[in-house]
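Chain IDs A, B, C and D follow the sequence of writing; residue 1 opens each chain.
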Amino acid sequence: MNRDTSPFRPASTGASPTPKHASLTASTNLRYSLTRKSIYDRHLNRTKTSELSKSAFAFLFGEMVQHAQKKVYGVQDLEKKLNQHGYAVGQRFLELLLWREGRTAKRETRILGILQFISHSLYRAIFQKPADTLEKVRENEDEYMISDNDPLVNSYISVPKEMSQLNCAAFIAGIIEAVLDGHCFPAKVTAHTAPSDMWPGRTVFLIKFEPEVLEREGLRHGST
Amino acid sequence: MASAPSIPVIAVIGKQNNPIYIHNSRLPLPSTSLTTSLDLHLLLHSTLDVFDARLPQKTADQDFGLLFAIDERLAAYGWMTNTGIKFVVIVDQGFSGSSGLSSRGGGLGGAIRDADLKPVFKSIHTEYIKLISNPFFDHESTEMVKSNKFSKAIAKIAEAGIPGVY
Amino acid sequence: MVVFSFFIFDRHCECIYLRQWLDATTPSPAQPLSRPVTASSAATNTTSAVEKPPAGNKLSMAEQAKLVFGVIFSLRNMVKKLCGPDDSFLCYRTGQYKLHYYETITSLRFVMLTDIRTENLKSSLHQIYVNLYVEYVVKNPLSPVEHPGGEGVNNEMFELGIDSFVRTIP
Amino acid sequence: MSSTSRARLGEEVWKTRTDKINAELVTLTYGSVVAQLCKDLDGDYAEVNKQLDKMGYNIGLRLIEDFLAKSNMQQKCANFRDTADVISKVGFKMFLNITPTIANWSSDSKQFSLMFDENPLADFVELPDDGKAQAELWYSNMLCGVIRGALEMVQMQVDAHFVNDVLRGHDTTEMRISLVRYIDDEMPADDE
């Protein structure tokens, strides 16, 4: 009980430790239909296996790209926007996925473990296929690569020459980043086009971990 | 007179150890060591130490079981998701005073096993997932959750108590 | 079969894509032009590549497109006046070439000029619409929704698709 | 084409001619778009509705081509009632795997409602409790734009907007669609 700093953040009004009998949470003014079920009444697995058309996603994603494009300066900025969208999606997807894995879910404490989780479980859950490769960048201790021969979000994208740097899979990079963050492996993830003869749209996700991750890995598991 | 064990407090604590939501139906409870809300906060605070201390040994399960006993009546149980969200449930064994304790003869924690709490934690986890799947839920916010539906759902879980234990 | 040229017109009657493999008005040479002419280069560079054949009063691709549209538009309207709104014309032929026509409900018009021995290409044009135009142009988020000046239609995937498709037409 | 055969067509297109994808990816992505707009526009929900509608409109202009290509429809609908039927049974089925019910026709057959029992876009949603989102935001407003854009491409100018949404505490989710006019063929610019 003798912590120096409170682990509770400076409390907002709702959280201040005033001696009150009632629940600490403010009540809300939202209206709910009495006859219709809200999200809290439905089973979470209802949508686990449900599907929508790939075109619906392609159009939505496309318009998201177009919309983001209007307000950005240059390719990098656009990729950042897409990354942010991916991050929001990734945070939620991760929680759903872990909840569903239930008992079998393992707390990943090693870099390799979490990367395997991403390239298999996560990829399979979102894209119905595992990622194509997972490898370590030889020159840099803190960098790893996951590759996808044909990223779903890029299936309809033909990048014009003047934007050749752009890779819209920055969206997926955002998802990966959220999942790493969720597991306390903070990292920067970026998407790069790396075509091969067989796969002109092959994309590599470059994962660069924050220094503290490697430090912890060294402490916990001995240097790798 | 002995009553069924109940759940007066359910707390959800975020990855950064920030409180996300605290359900508190009956505290402060007279004749326990929790008499003010400040006590409760300090108590929840100290559960975090237990999570931290046990974390390195935990790899698979999310169930941290009994964190510690608070006094003759109250005990704190914990659960941590793989994303570092902590759920703390405080159970009131319902024995009023020493007579209750002796009548059950089991002493603290004798009546309730860790496994009994599993379904409770599972339900909390489910409600939590529903909460954060909402696109308007702001992960970066440091404020407490204000969702009527979530509050109701958690209150319902607390009210239902521990399934199978009377 | 020999394909001379291919045009797409949008609902605003604008030519949003054109492509020429051979010139219909010159007797078929053995080889197609080494580099086919596409909309963007035709628009910006109408004099060089397109008008390479030196013969008499050659039309630029842009002018050809305008003429072609004038013809199909009149023909289509005539057919609808004669036989009702559900009828449409499929092709016509001259001594030199055959013009194939396919129009979608969204008023996209696909036109292909071939030699006279070619069978009706309506279903092929429909295939181009379904498998190439919709997949590579419509669904490409980086291409604009509408295509003034042909912008966004002549992307790499569509171009490659058209090329290989034309080669497979019997 | 009869109503039941349209339902069959929708079912067939969905089953055999549609590439499918995890629904939650779409739901969460849409959520991210809406939440981001609300943030960018600082809670100006009227403007958020407008932006969503505009994005939907752009999607509609494209989506109609995919719709026609997949459904292989080569003829225009004979009347607006047919159009409504196709939207519900083939269009929504093909993209969102739902079939909203058609209801509340006006006597001149120019206005109808689509009633959504299911709305995959709104699966995880609870509107922000800021005292105005429930009064001002139409969360799924993109769908209105999509219908407006798609129908414009087949020469119908319509007005589409939500009048009820369960997210607002209403008992139904209802979109009202009215035909404004049929659009004539465009003529080539006369520049000779």
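Assume contacts are C-beta pairs under 8 Å (C-beta built on N, C-alpha and C of every residue); 3 or more make two chains touch, one makes a residue touch a chain.
Which chain is which protein? Per UniProt: A, C = Trafficking protein particle complex subunit; B = Sedlin; D = Trafficking protein particle complex subunit BET3.
Quick caveat, the model's predicted, so the values are computed rather than measured.
> Hey, which pair has more contacts between C-betas, B-D or A-C?
A-C
> Provide the C-alpha centroid distance between subunit A and subunit C, rounded to the nearest whole angstrom.
44
> Just how far, in Å, is the C-alpha centre of subunit D from the one of subunit A?
29
> If you average the CA atoms of subunit B and of subunit C, how many Å lie between those two points?
About 70 Å, centre to centre.
> Which residues belonging to subunit C are in contact with no fewer than two other chains?
139
> Would you give the residues of subunit A that are in contact with at least 2 other chains, written as numbers and ranges?
Each of 28, 30, 32, 38-40, 55, 59, 61-64, 66, 88, 92, 96 in subunit A touches at least two other chains.
> Which residues does subunit B have that touch at least 2 chains other than itself?
Only 130, 133-135, 146-149 qualify.
> Have a look at which chains touch which and call the overall pattern line, ring, star, complete or other.
The chain contacts form none of line, ring, star or complete graph.
> Quick one: in the complex, what on subunit D touches subunit A?
14, 18-33, 35-36, 40, 51, 55-56, 58-59, 62-63, 66, 70, 94-97, 120, 123-127, 129, 131, 134, 166, 168-172
> Considering only the defined contacts, which subunit A positions touch subunit D in the complex?
28-36, 38-40, 47-48, 50-57, 59-64, 66-67, 71, 84-85, 88-89, 92-93, 96, 125-128, 152
> Across the complex, what residues on subunit B touch subunit A?
Residue positions touching the partner: 15-19, 21-28, 36-38, 40-42, 45-46, 48-49, 56, 58-62, 81-84, 125-130, 132-135, 139, 142-153, 155.
> Using the touch definition up top, name the residues of subunit D that touch subunit B in the complex.
28, 30-32, 34-35, 38, 124-129
> Subunit C touches which residues of subunit D in the complex?
58, 61-62, 64-66, 68-70, 73-76, 153-155, 185-189
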